[in-house]
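Presented below are the structures under discussion, each in the form of structure tokens.
Each of the two complexes below includes subunit A, the first together with subunit B, the second together with subunit C.
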Partner chain A sequence: MTLNAMQLLKFTWLLIVFMSLSSWAKDVIPIPQQVSLSENLKTQQVSISWVGGEATTFDLLILRTELNDTVFYETVTVAAEASGQSKFLWTSAEPLECTSLSFRVRSRSGQLTSDWSSTQILQGNDSPTDERMQAYPQDKTVPAGSNITFCCIIGEGKSFDSFHFISESINVTRLSRRTYAATVYNLKPSRSYGHNAYCKGKTEAELYGAVIFVGYPPLFTDFICETHDLTSAVCHWTEPRKTQLLGRRQTRYSINGRNCSVVHLEQNRKQCSFPRWEENWKLLGWNPLGEYSLTDIADVRSRVVPLPPEELSTVANARNATVTWQWKLNHYVSLPLVCQVELMSSDDKTKRTFSGVGLRSATLLDLYPYEEYSVKVRCGAQQNFWRWGNWSKTISFQTDSEIPSAPDVWMWMNGDTTGQILWKPYEPRKSHGPIVSYEVTLWSPDDITRHTQIVSPETFAMPVNLSGISINNTKVIASVVAKNPAGLSPPESLGLPLHVNDLDSEAITKVDFREGAFPLSWQSDANSSCGYIVEWYEASCQRDCPVEWIKVGEEITNVSIKSDAFEPGVRYYFSLYSCSSEAPELLKRWEGYTRELAPSSSVQLSTEQQDSDILISWSEIPSTHRRGFLLGYNVYLNNGSQLTKLASLSTQENSYTVKGFPLGSYKFTVKAFTSAGEDTGGTASITLESSADWLIFEILATLGVTALALIIVTFVCYKKRKWVKSAFYPAIPEPKVPSDWSTPHGTLDVKPSPHSMVHIVEKPEWDSSKEVLVVIPEEDEDDEGQGIRDEPVDTDEPTSLRYYNQVVDERPIRPRYPDSSASSASSMDSGRTDVTYTGIQTSGSSLVFQSDSQSSSDQPLVVPESCGGADGGYRPQMQLPPENDNASLAQSHSLPESQACRSGGYRPQNNWQLDSPDEADERRSLAPSLGSPTSIASTQFLLPDQSSDELAEEKHQSSAATWLTNLLSTTKP
Partner chain B sequence: MSEDPPEQEEQRGSGAGLPGSGTGQAGRAVALARLLHRECSHLLQLFVRRVSLYVNYTPDGGRIVSLSAASEEPSTEEQVLVMHSALRQCLGLIHCVILKEEEEWGELEGDYESMRKNVHQRLEYLLHTTKALMETEETILEVTPDHQCTEEVDGSAGVFALKMWTYRVLLELVHWADHAANTLYKLQSEREEKDQN
Partner chain C sequence: MNEHVKSRSLHLCTHTAATLLSLLLVMVFDSTKATVATQQCGSTLLQTLKLARFAQKESVDIIKTYKASQGDMSEIICKVSLSGLPDPNISGLESSEQMSSVHSSLQEFSPHFKRVFDQQTDLQLPDSPLLDQLSVISRRSLYLDSQITVLYQQLFPNSPPLGADGGATSLPPPQNVFQQKVYGCVVLKTYKEFLSNVSKYLRTLKNQMCGINARRINMFF
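Showing the complex of A and B:
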């Protein structure tokens, strides 16, 4: 209990001590008194003053009254003034009208502070008593680049919607119940009518705002004061930058404290005048954003700028003119002046300076006759020259005319006695007046007669013909004079050559075009007494050429020829003539191009075969197409897509021989070339063939080789004849002939049956296994053949026959006559005739197909194998009489085979004699059948009835010449 | 933009009647009023473009120029007299606009200033035409501006207020020029009807 009481006592004591100290501090640090406010709405500044005693450090607190937001709270150190008041100037970011502000101050000493002073309120315009809608700041002018805060006070009871600067919506900060603020940064210069900043309420009618003007303070340069009359002053200056401010915010000026009425000149220059000159001048300019001043100090005599001369007039002669003028002010009569006269002609402008006391005239010399001039004058003070005054008005005048100068005359002589007298049109200022006419006179010192011709001023050439000149005349002279209103010019004479002496082409020198001209130089000629004439013209020109020329003095030995008429690729001749009392003499000639080009045309190319070589030749390119000095020709082998150079030849060569090319077709291209390159090239083709001699040699060699081969074969065959005979032609026994066949017993009259059918007849004396074929007519076949009567008769086809063997030979079929087989194949298609051998065992040696005599040559026949088929055809078959089988058989046997084989083709053995017209008709009825295709197939050989020995004997009797033919025949399939 | 003097354009605009006659004068007045209406509309466009005004703004507070007719159902002649009186106030307003703008911006030479001058002269001429049309021995019409350009615009200072007030004045001019064209046309129609009868 005692302990607690002690602790409580101790705490109470400490509390008393602390409170005592605090009370002491408050008593020691005085509270600021007499706090007062003084605002400047335009600068948005508030001056706060108070009486703070000895304290120098204070805490300053500024709050927005309504919302109690702290605007400013800082410790400031201010010294008390003599009156004991302390002052602090505070600048508000927002206009002071925006809302009410509360100000409080307290003194500070280290960490100890006094109590706050009483609150002073700076009343804003958002108090409930003022219900208007307002915006601030109004019509403020600020420099470009600055920042500004706007505020809007909405009407009492209204609602805020948005804030806009120009056309942009800006975020706002609420300052009080009715006040909203927005800040815009880095302002751009406004147009003359200012930037609009405005607030919108909820309705379209609730709109209120302010205008802000953004610009620059005044700035100017070149402030100068001058005098025109040594009494008054005119000061002017330049404004390099517009202030962007107009009307009541525009820059105003004063000079030496006096307002001046500014005259705006061109290029931002301004001017102000005063009636009296002063030694010192001070220009002051100001606007809401600031002021600027410049000074100028000068003696009046050093700033004299005379006014422009007036009433200019001229008196002109041919080569001079006098200009006179008047002064507006009499001050200049005794003033030393320097004047500048600017003289302008059509292509020239010169300034000539004159001086004198009170100068009023100037004489202009060295003018051109008959020339238009313009003139104007300006003057300055001769002593202490400051600057030229302004130019006077310009006046024009024309000088008088004068006789022309002598014309520039030259000539062109053709190869004969004809030519032209040429003269140049007058250059400007050389005619001294308008040319009226030219007079050309031809005369000779040896003759008193003169031939004068007057031509129009537009004529600059006159043809001459010296053929009519008397042979006694040693020289002819042409004189030309020009006439203008002032009179005749001095004559210009030229001796004409009676004989034209030209130079050899080899004496012509090439000249290069360098630096835009042809440089020509020559050795001085002793005979040249009056200089030289250099003429030039296109080398392609032959007669009455449009020649140009220049004349140079006798001391000149080189000249550069320039002309706008020069064209690239054109060759020009330059001729140097000496000038003397006699006719001009040609001294030298050059030729040259301004720029060489590739030839414009190609050579005409031709090719020719010479033995195994090819001769290429071409013609020259016409000189006008060369367009440069030809350096040579390039010969190419042209394979269509690629050129292979074969040779490069000089210009002296116009042919080239190509050697060593194999036979074939070739194309050659020849291109001429200059220093600028090749032309497109001429092309020619040729086919290289073997020569006739070589062809003959080859034929002879072939024939020789063939003959040699035949000889060798013959020789070998001869040496080996036995072997050949045994191998290819074995001995065949001769047939035994029962009677003499050589003597005919009469005409073999065998009448073939129009309708044949092969009947197999049993022959008692023959082997029963063998049968004979008997031809039996088949009516059915005939009928069938009638159906194709209109078809073309094919005589190669046999009569429709069918052979029916009763005994079939089982041996395999080997086709022997492919041609017949082919024929039978086609016969199968037609279905007209079908001859089938199914097996024949009877003797077939004499068995042949009967054929109509008229078509026998084409009738395909089957012949015995012993004939070899080499004859290439069929032979007609003997018709055996049916009543005498034996006889027919015998007859068929008696037919010599060798004879049949030698026939070599179709050869009728008998003439068929038709017994009656019926038979003939019957024969004709067979024609369609005969013309039908025939199909032949054989399963057996048609073997002769004789024994092989007899056949061998018969072949043995054959001619030796046929052995090779038979040999070849047997080799056929 | 038409920059012709009023005298030249007047010939273009007069479409009915003969000069000197009642209907001819009315026709000329109608054409003049229509031309004035077009020029006032154009002047308003130039103004809005020049001062970058918020174009959706609809001024509150009713007409600057407001007149009441003598009777509830005034005759056409009475309407023309009321219109004439309104045009005099409009002339005073445009005169005041010119003064205040030149005071604020200086004397400038642009499209807006040129058209503003045109409207001023055209309005004066329309007043003279209306006077000639309506004046009788009993009725004496004035053509001088009926506006004292002394008070602050809309009771508040500032360039923004001047812009807004000028905008209102130009709207007023457009309105009364249109009204004048319609009223004068009505008068012309009635007089033509009378002449035909």
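Showing the complex of A and C:
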């Protein structure tokens, strides 16, 4: 209990002490009194003043009144003014109109502070009494790159929606019940109408905003004051950077404290004028963002810039002109001046300087006659030259004309006595006036007669013919003068050669085109008294050539020829002439190309066979088509798709012999080539054949062999003629008819020859009516001939062969068909088969009827259909199978004989020809008689038809053998 | 019988001729009336109508230029409404009263145009096309007003002449730049709406005064 009482007593004592100390401190640190506020809305600054006694340190507290947010709370040290007031200038980040602010101040002494002063409120525009919608700051101008805070006070009872700067929506901070703030950083320069910032309420009508102008403070350079008249001043300067501010915000200027009316010059230059010169000049410029100043100090005499001369005029002669001008100010009359005259012609511009006191004229020398000039003048002070004044206006004038200079004359002589006098058109400034005409005079020192001709100014050549010149004249001179309004030019004379001496082609030197020109050089010629003439022209030109030339002095021994007319691929001749009192003498000649090209045309090629060789020859390419120096010819073997080079020849050769090629067709191409390449080439073809001598030799050898063989055969046949006769032409006994000695007209029944016995073989597989004829080989005759002869072949009727004696019977063969028919008819009656032969002939190869055989192809043929089925037997040619009908016949008519019987069987040696359709019908009418005894009359032997291979072999038999066979068959002993 | 037929035919012919003659007289009268009406309404009214339409077209063009010369989001600026501007509507019941109302409004617009021109001079470069167009529409409104005055005198010769000043025009107090931009746009929009009403009024007046024939003629204008 005692302890508790003691503790309570101690606590009470401490409390009393603390309260005593506190009361003491408050009594010692005074509370700031008379706090007052003074705001600057434009700068958003508030000046806070109070009376704080002797205290110098204060705590300053600024709150947003409505929301009690602390805006500023800092301890500041402020010395009291003489009046005892302390002041602090505070700058608000937000416009002061945005919301109400509460200000309180307390004194501080170390850790001890006084009580807060009474609150001073800076009333904002968001008070309930002002219900309008508002935005701040309004129309503020800020420097580029700075930050700015906008605030928006929405209308009373309205709701805030959004805040926008330019086209962006900006986040906002609420400052009070109705106020919202948004900060924009790093502002970019605005255009003349500023940046728009605005806030929106919930409805479309709730919109309000502010415009802010962003720019730069003034800045300028090159501030200089000058004088034109030694009295007044013109100051000008340059603004390297636009302020981007306009109207009320634009930069204003003053010089030496006097406002000036700025004149805007080009390139951001500005100018201001004052009536009196002052030694010191100060330019001050200012705008809402700041100000800038420059100074200039100068004596008036060192800043003289004369005004441009006025009223320029000229007095022009042919070679000079005088320019005069006037001064606007009389001050210049006694002022030493230096003036610059700029003289401009069509291709030149020069400045000429003149000086003098009060200079008012200048004489321009060395002008060209009849030339257009323009001139302008500017001047400066001769003493203490500062700079040139501005140029005067430009005026133009033309100098007078003057007689022309002598024309440049040359000539072109053809091979004969004709030629041309040539002269060049005047270059600019050489005619000294418009040329009116040219006068060309031909004269001779030996003759007083002069031939003068006047030609138009557009004519630069005149033909001459020296054939009419008297033979007594040793020299003819051509003189040319030009005429312009000022008179005649000095004559230019040229001696004409009465005889043209040309150089040999070997004497022509090639010249290369180097660096855009043909470099020509020559040895100095002692006879050249007035220099040299170098002419050039296209080498292809022969008469009246458009020649160009230059004349050089006698000390010159080389020259480079340039011309825009030079073309690649064109050969030019360059001729050097010596100039003397006589006619020009040709000293040297060159030829060259600016650039060689491949020939534009190809050679004309021809080929010729020489024995087993081929001679290729070609003509030269015309010189105009060579387009370069020909280096040679390339000879190619052309196989259509590929060229095989055979030879490369020089230009001297125009033929080439190809040897060792086998017989056949060949194509050759020859291409001429220059350093630029080959032409397209000329092509020719040839077929290499065996030579005629060899052919004749072969023919003669063949004929010799053939003749030798014939001789041998003939000799053998002669030696063995009996055997031959007995073998091939056995003796036929003469019929002995006692009563009639005439040659029998009917058939002669003979026994078949043993070597051509024909008998009918009846094959078992055949129809009984299909009989075949079988030739019994001659070899069989010896062995089996007798047996066969005795053996009855045809069991029905005896077989007999009936021959026409060709020697006796001279009637044509074909008309015998009726006879044969009749014979057949008679044989039908007799029931025998008669075969009548008129000769021996191989199948289808009779030489005698070759023509008939050919013609018979047009005739209807009767070909037995069964011949294809016959195999080795004999059958009558007219024997038709029973099943043969008209259709098959008609079809068989169209078949050639060789086809009809190709498969085998037998066929007639010659085609049977029916004389008339009736005959054909008649033949067909014989069909029913098949199978019965038939007599067949034939004018030829029937030979066994062979196989196809044999037939082919037959065709290869030599005609000589056939001829021999026929010869033997027709030979009678 | 024949006599009766002939008499009936003669009567029919006479009746037809009389009808045709009456129709012809009506046509001649109508033509004369139309000619007189055309002469009365021809030149001044039609010229005034054409001028109003042309001024209306110019007002459309200048609004486009104006919006393009006020910076970004100028479209929304032109949606703000302001008070204290001339009424775009034409008041009055009688035609003469309506024409007088047009005259008064045109005179009221004139100081507004000057105010807008001055304000924009502070915002635009000296060679801005907006300044040129503002000058043009200001002069055009004066010319249209003079045309209206002449037309009024022609159509209502017995009515008291239109006042020269049109009454005192109340201009808005000094404005910040944002308000100036809004004000200029609203002035131009109001002027455009007013010219539209004037054109409608003049068209109606033309129809009343000139009739169908005038419409036919007007088709060619």
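One rule holds in what follows: the second predicted complex is superposed on the first by the 538 of 973 C-alpha atoms of A that agree within 3 Å, B and C clash if a C-alpha of one lies under 4 Å from a C-alpha of the other, contacts with A are read in each partner's own complex, and residues count from 1 in each chain.
Keep in mind that, in the parts below, a contact is a pair of C-beta atoms (placed from the backbone, for glycine too) under 8 Å apart; a residue touches a chain by one contact, two chains touch by 3 or more.
On a predicted model such as this, the values are computed, not experimentally measured, just so you know.
Once both complexes are superposed on subunit A, the partners subunit B and subunit C clash. In the superposition on chain A, contact of A:724 is made with neither subunit B nor subunit C.
Look at A:196: by the touch rule set out above, it reaches both subunit B and subunit C. Of the two partner chains placed by the overlay, subunit B and subunit C both lie in contact with A:207.
Comparing the two complexes, residues 135, 138-139, 164, 166-167, 191-196, 198, 204-205, 207-211, 246-248 of subunit A contact subunit B in one case and subunit C in the other. Interface of subunit A with subunit B (complex): residues 132, 135, 138-139, 164, 166-167, 191-196, 198, 200, 203-211, 246-248, 250. In the complex of the two chains, the subunit B residues touching subunit A come out as 50-54, 56-61, 102-106, 108, 156-160, 163-164.
For subunit C in complex with subunit A, the touching residues are 69-74, 76-77, 79-81, 121-125, 176-178, 181. Within the complex formed with subunit C, the residues of subunit A that make contact are 135, 138-139, 164, 166-167, 190-196, 198, 204-205, 207-211, 246-248.
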